[in-house]
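Read from first to last, the chains carry the letters A, B, C and D; within each, the first residue is number 1.
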Amino acid sequence: MVKDRVVLAYSGGLDTSVILSWLIDEGYDVICFIADMGQDEDLNAAKEKAIECGAIKFYLEDLREEFVTDFIFQALKGNAMYENRYLLGTSIARPLIAKKQIEIAQKENAKYVAHGSTGKGNDQVRFELSYYALDPTIHVIAPWKITKYLQQFQGRSDMLNYAEQKGIPVKASISKPYSEDGNLMHLSHEAGILEDTMLTPSEDVYEITKSPMNAPDKQTIIEIEFKNGVPVKVTNKEDGTVKNKPLDLFLYLNELGKENGIGRSDIVENRFVGIKSRGVYETPGATILWAAHRDIEGIAMDREVMHLKHMLEPKFAELIYNGFWYSPEMDFLMAAFNKSQEYIDGKVVIGLYKGNVMILGRDSLTSLYNKELSSMDVEGGFDQTDSKGFIRINAIRLKAHKVIVNKKKIGLK
Amino acid sequence: MVKDRVVLAYSGGLDTSVILSWLIDEGYDVICFIADMGQDEDLNAAKEKAIECGAIKFYLEDLREEFVTDFIFQALKGNAMYENRYLLGTSIARPLIAKKQIEIAQKENAKYVAHGSTGKGNDQVRFELSYYALDPTIHVIAPWKITKYLQQFQGRSDMLNYAEQKGIPVKASISKPYSEDGNLMHLSHEAGILEDTMLTPSEDVYEITKSPMNAPDKQTIIEIEFKNGVPVKVTNKEDGTVKNKPLDLFLYLNELGKENGIGRSDIVENRFVGIKSRGVYETPGATILWAAHRDIEGIAMDREVMHLKHMLEPKFAELIYNGFWYSPEMDFLMAAFNKSQEYIDGKVVIGLYKGNVMILGRDSLTSLYNKELSSMDVEGGFDQTDSKGFIRINAIRLKAHKVIVNKKKIGLK
Amino acid sequence: MVKDRVVLAYSGGLDTSVILSWLIDEGYDVICFIADMGQDEDLNAAKEKAIECGAIKFYLEDLREEFVTDFIFQALKGNAMYENRYLLGTSIARPLIAKKQIEIAQKENAKYVAHGSTGKGNDQVRFELSYYALDPTIHVIAPWKITKYLQQFQGRSDMLNYAEQKGIPVKASISKPYSEDGNLMHLSHEAGILEDTMLTPSEDVYEITKSPMNAPDKQTIIEIEFKNGVPVKVTNKEDGTVKNKPLDLFLYLNELGKENGIGRSDIVENRFVGIKSRGVYETPGATILWAAHRDIEGIAMDREVMHLKHMLEPKFAELIYNGFWYSPEMDFLMAAFNKSQEYIDGKVVIGLYKGNVMILGRDSLTSLYNKELSSMDVEGGFDQTDSKGFIRINAIRLKAHKVIVNKKKIGLK
Amino acid sequence: MVKDRVVLAYSGGLDTSVILSWLIDEGYDVICFIADMGQDEDLNAAKEKAIECGAIKFYLEDLREEFVTDFIFQALKGNAMYENRYLLGTSIARPLIAKKQIEIAQKENAKYVAHGSTGKGNDQVRFELSYYALDPTIHVIAPWKITKYLQQFQGRSDMLNYAEQKGIPVKASISKPYSEDGNLMHLSHEAGILEDTMLTPSEDVYEITKSPMNAPDKQTIIEIEFKNGVPVKVTNKEDGTVKNKPLDLFLYLNELGKENGIGRSDIVENRFVGIKSRGVYETPGATILWAAHRDIEGIAMDREVMHLKHMLEPKFAELIYNGFWYSPEMDFLMAAFNKSQEYIDGKVVIGLYKGNVMILGRDSLTSLYNKELSSMDVEGGFDQTDSKGFIRINAIRLKAHKVIVNKKKIGLK
C-alpha cells in the first residue's frame, strides 16, 4: 500500500524529531524540510538527524535573501511594529517557511503538511493560515492539537523516553529555562522563567546583542540610503565599509546593532488566541532600519499620506502578527503602502551608541522639505497673511459648536 | 475716549515687547499675561519690563500643576506622539495659555487678545483656534499677519531700532542662531542653522539633557505606579526617593531623564500650514513616562481596545499638534480614551541608562495577563484543541479567496 | 443525587423542544426561558409545551421595552448597519436574551446554559460570547456542536421521530422552505430556497411589510423629534397621532413602515464564521428611524465628529454583528458615540410612500446650521477673502508633491 | 505690450460673462473654456456669447465619456458618498474641468486661470486645489475673493447694470429662487429659498426626475453586469434593450432612473470651508449604479477587504468633496481600492419602481458565496464542531476582562 506523504517543517530539535518518528508510527512517509532563515544552528546536523530518524527525503533551502527582500523589506515599508513595540521577527518568517513547505508538498504530491508549534501560540496560526491560503486543498497535521498525541506526550520526560526508545539523538546540552526562536532578523525568548512579568531577564538571556552597558564607549556613524522605501546602501562613516546588496547590508546592520547594544525589547503582548504573553526580543539590524525608514519618510512623504498610513500601520502589523500575510486584506493594504513608497528616496545619517539609534541628519532628492518655505527668516513664497484666512475658516465650526454648548448649558428655548 | 483693551500673551522677549509697544501705538490699552509653564526664565523681570513698556496691567499665573494634570497626563492617556516621534511639548502647552488668556480677557472686559507667533508656524493656529473655540466673540490681533506690522518690521534690525526708540530694554546676550521654546515638558530648537536637515546639532544646542555620552555609567532604576492610566507614584529604587504628587513626580522624572541623557529627538515634521520643518527636541521626563505608560497598557489593556486605540492615536496627536485641543472631535476621542484607562493600574520598573529607557518588569492588580493561561508548560484552562477550530474557521475565507484567484487566473468559464 | 441545572433559551419550536428532552435524557434539570422580544408567537403555548416536555421551571420575560431603549436606541446612536445594508435586528436582540438567561442561571444556581443555534451561524457566537462575557464561569451546552447530538439527529426526520417517541407536540403547519427569526425590530428570512442568490423572493416570503406596490397611493407625513440622539416623540401630521414613549413610538413607526412598504432588504452578507450567506430582511420602523437619525445628525453634529464617527460606524456594526455587544471595545466605542449624541436634538419631517423614506425638512435648537453664514446671498459673518488663504495653504503640499513627481519623472539629478 | 493670458472656466451665464468682461477691463486676454459634461445647456450659444463679450479664443470640449470612465466609475469603486448621502455629482466633475483648463493654459502659454465660483462654497476649493496640484506655477484669478471685484459687484443689480453697459446679452428668463449645477451625473439645487431647512422643495424644484408619485405603476427590471468593479453591460429585462458602452449605459441608467423617480436626496451637509449647507440633489443613474455595485461587492468581495474598505470610504468621499482628487493621499487610497476591485465581477438584477432600487438577485463567476458551505441543511465542508473552539478562543479575553471588572468593583487587594 502506498503511504500518504507529509512534509514536516523540521527544526532538528527534540520536538520535531519526536513528531517525525510519531508520524512514521502513524503510517506516513515523512519528508523533512528545514528553511535556512539565518538561524544560528547546524542545519547539516539537522539533516543527518532527520534521515537517521527515518525521513524519506530532506529539503534544506537557503531562504535568507528572499526573507530580506520579500518579507523584511515589505514589512519595513509599513513600519510594521506590533503593538508599537514588537518588530515581528518570528511572525514575518513563518509565511515564507510555509510557502516553501507548500511548494515542496505540491512537488512531492504530498497531501499533508505538519508542524511542531503548540496549540496556545501564534505560530500554529501563522503556519496553518499560510498553508490554507496557498493551497486550499492541503491537509494539516498539528500534533500538539491532536488528543492522541497530547495523551502520549504529556511532558518533556515522555518525549525523552520516546526519543530513547526510538534512538533519536538528544543533545546533552542543558536546556534553557525558557524557549527561543531565532532567524537573521531576531532572537526571541519567552515562556518558562520569563512568564514572571516582574522578572528582569538576566544578562545571559540576551544572546546576540551586547548589553548597552558593555557596548563601545564611542558611537558608530553610518549612512543608510533608500530608494523607493527600501535600503540600497549602508556606509560606515568611520571605516568606509559599504554594503549595497540586500542580504549583505541587512547582516551588516545586524552586526553593528549587536555590537552597539541595539534592539532589545521586553514586552507583554496580545496573542491572536486571546492570551497575553511576555516576550523578550533582540532585533538589532531591523531596529536601526526601522528608525532610519521613519526618518526618511519624515522628509519625503506627504503629510496626508503619512497620517493615513499611520492609521493603517497598526492593522498591517496585526495582520502580520496574526498570520494573514497571504490574504486579500494584506494585498489591499500593501497596494496602498507600495504606492506610498514611490518617492521615498534619500539618505539618513545615524549614530549608534550603547542602545541608542540617533538620527544625525537626512537628505533626499525627493524631499518635500523646502528650506526657504520653512524658514522663519525669509518669506520663501509663503504669504503669512494667508494664514489668517486659513485659521479663521478652521475656526468657524469651533465657534458654532461653542455657541451651542453655551446655549444648551443655559437651557434651550 | 475709552480705549479698547487687549490681553497680550507676553514672554518678556524682544518680539512681544515690540508688539506691546506697537499695540499701544495703535491705540490699545494692553494687559500683559505671562504663564508660568515651568520655562527657565525670569518671570518677575518680564513683569517689570512689561510695566516699563507701558502695559496697564500684568498677570503672572503659575499653571504648572494644571499643565501636568490636565494637559500632559491627558496626552499621556492617548500616548500622544505626533508622527510617531514628537511628544508635543509645545502643542500641549498652547491651549492652556490661551484658556487663561481668554479668562483674563473676559474678566477685564477686553474684546481683543494678541500673541506674537509668526504666520508660518503652528503656534498661531493653536493660540487662535483655542481663543475662538473658548470665546466665539473674541477678536484676535496677530501682528505677524498684519501687513502694516510686517512692513514696519521687516527684519530684526527694525525691531532693535524700534526698541531703542521706545526705550525697550534689550538683553545684551548674544542671540542663538536658532529659536527655542521651553516649558516643564520640553525644550525645542528650530529654525536658523537647524534648517539645514543634514546639520547635526552640536552638543551645545542641547541645553537641558546631558548627552548620552556624558551620562552616568551606571543605570538608575525606578518604579512608576499608575492608577487609571496616570502616574501616582515614582520610586527611585537606588536611593529610595518617593514622589507622589503630579507636579513633583513629573519634575522628578525630568531630573532623572536629564541626568541620564533621555528624550532627545531630531525630526522633520509636517506643520499644519502645509510646510515641512525640522525640529530638535529635548523631552526627558515625558519620554520615560510615555514608555512606562505603553508598558502598563501592555499588561492591563484589552487587546481589541488597544488596537482600536492605536488606530486612533495618530489622529489624537494630530488634533493636539494642529491646535484642536478644544474641539468637539477631541471631546469625542477623549471620551473613548478616558474609558480605556479605567483599568490601567499597576507599576513598571525601569532602568535609565545613557539615553535608554529600559523596561525591566511590570505588574498590575488589574492585569489581564494570566501566567497559567499563557504558559507553554501547563494547560491553565486553555484547551489546545480549541485552536484547531479557531484556525480552520479563520481559514475559510482565505481558502475561498484562493479558489477565486486560481479560477480567474485560468480564465473564468 | 442532585442533578445539574441548565437554563435553556427556549423558543417553543421543534428544535428547542427536542433539545429540552435531550438535556433531560442527559441527566439535567432544565429550566426554560423565553424572552418576549415582540416576536409574533404564542408564548403561553410555548410555556405549556415546555412544562409538558419536562422543564422543571419556566421563565417568560417581557423584554420589549428594554430591547427598544437599551439596545435598539443604542445601535441607533451609532447608525449601526452591517456592511451598509443590514440593520442587525437579530444581532441586537441576542445579547439581551443572553443577559436575562445568565441572570436566571445565577438566581437558580445553574452552572449551565444552553441554546439551540446551529454551528454554522452567527447566533451561536452572539449567545456564547455574551454568556462568557457576563459570567466567565458559566458552562455552555450547544447541542448542535456536540458530536453525540449531531449523530443522533442527522436530519429533520430524526427529530420528528424523537418528538413522537417523547410525546413532544409537533405543529401540523407546513414548515416554510426557509428559516425565519423575528422580533419587534425585524423579521429575517434565510436558508432553504433563499440560498439561491438569484432567486427573487416571492411576495409571500415577506410577511410583515406590504409590498411597495401594494402600499397606499398617498404619502404619510410624520415628524420625529430627537433628544440626545434618541427619538422622544413621533407625530403623524395627517391624523395628529402622537407617541412619546419609547416602546410605543417604535411600534408605531413599525406600523407605519409596514403599511408603506418600508424596510425590505435582500443581501449577501459575511458571517463571523467566515461564510457568506444570503439574508432577506424586513425592518420597517428602524429603517425610518435610522434615516431620520442620520438627518438630524446632519444638522446638529459637528463635521469632524461626524467624519470620525463615520469611520468607526462600520466597526461598531461589526462588533454587534459578531456578538461583541458586551466587550471592552464596545464600551470604548460607545463612550465616544454617547458623547457625540449630546447635542443631537431636533425634529425631522418625513414622507413615507411606497417603500420610500423621504426627508422633507428638519430643524433643531442645537443646529449648527447658520442660514446667514451659509447663504450665498448675504455675507453673514463670512469673509470670502479668508478662503483665499485657506485654499492657498491647503495647496502648498499639493504643489510640493507635483514638483517631486515631475522631478522624478525626468530623472533625479 | 503683450497682455497676460487667462483661461476662464466659462458657463455662458451672467456671472462668468461679467467676469469675462471684467478680466478684459483688467487688461487680460481671455480664453474661454466650456466643458461639455452633459449639462442641459446650449453650449454653442455660450460660445457665441463669449466671442461677443470679447474672448480671444474659445474651447468647447466634450468630456462626457472621460467623465464617466475616469471619474464616475472611479468614484463608484469606492462607493463614494459624502456623509453617507451625497453622491458627489458636482465634486467629481470639478477636477476634470480643472484638468482640461490647465491643459489649455499650458498649450496657450497662459499664466493665469480664472473661475466664477464664490468664496463661500466648495467649488472654488475644488477648482483651485486641482489647478495648483496639476501646475504648481499657475496663477489663479478668483474674482469673488478679490476685494476690488466684490466692491464693484455688490449685488445682482450691479451685474445687470454692468452687463447692459458692456452689451452682455442677458437671458430674459425668470431666474430661479435658488441656484443649480448640472451635468450628466446629477442636478443640484441649493441656496435661496432652499436655505430654509424646513422648507420642503416643491415639485417644480426637481427638474430631471419624475416624482415617485408620478412614476409608472409597474416596476422596470434590469440587469447590470460588472467586470473589475465597473459596469460593462446594462440589460432591460422588459424590452431587451442592451447598452454596453460606458457613456451609453450610464445615460441609459439615467433615463431609467429619471422615469422611475429615483435618486432624489435632500440633506444638510458640511462644506469644507466650515459651514453647513442644505443641498437638494437628483442623481438618477448613479443611485442605481451605486446600489448595484454594493450588491456585487456583497457576493464577490472578501469580508476583511470590505470592512477595511468601508472604514476608508468616508475618507475617500471626503477627499473628493474637499477637492483633493489630485493628491498623493487620493493615489494612496485609490491604489488599495483598485486592488479591491480585481475580482468584482458578476451581474445584479434590479427592480426600479417609484423611487425604489430593489435588488432582486445577483450572481458572479468570482463569487465567494458557497451555497453548500452556507447551507443550514447540508454540512458542505464546514465542521460545526470547529465553531466551538472558535468561540471559546474569542471568549478568552472577554472572560479575563470581566474578571478584572468584578475585581475592581469589589476593591482591589
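Some observations on this one:
Here is the rule we use: a contact is a pair of C-beta atoms (placed from the backbone, for glycine too) under 8 Å apart; a residue touches a chain by one contact, two chains touch by 3 or more.
The structure displayed is predicted, hence computed values, not measured ones.
Steps from chain B to chain D, minimised over paths through touching chains, total 1.
Should one ask which of B-C and A-C has more C-beta pairs in contact, the pair is A-C.
Listed candidates were C-D, A-B or A-C; the one reproducing the B-D interface, defined as more than half of contact pairs identical by residue number, is A-C. Averaged Cα coordinates give chain C a centre that lies 31 Å from the centre of chain D.
Centroids of chain A and chain C (each the mean of its C-alpha atoms) stand 40 Å apart. The residues of chain D that reach two or more other chains are 270, 273-275, 302-304, 315, 324, 327-328, 367-368, 370, 373, 382, 385-388, 390, 393-397, 400-401, listed in rising order.
Within the complex, the chain D residues that touch chain A are 270, 273-275, 302, 304-305, 308-309, 315, 324, 327-329, 331-333, 335-336, 338-340, 393-397. Residues 300, 302-304, 342-343, 345, 365-368, 370, 373, 382-383, 385-390, 392-394, 396-397, 400-401, 404-405, 407-408, 412-413 of chain B touch chain D in their complex.
Remark: chain D residues 79, 83-85, 118-121, 124-125, 128-129, 132-136, 142, 144-147, 150, 179, 190-192, 195-200, 212-213, 217, 219, 264, 266-270, 273-278, 294-295, 298-299, 303, 306-307, 310-312, 314-315, 318, 324, 326-328, 349, 353-356, 358-363, 367-371, 373-377, 382, 384-388, 390-391, 394-395, 398-403 touch chain C in the complex.
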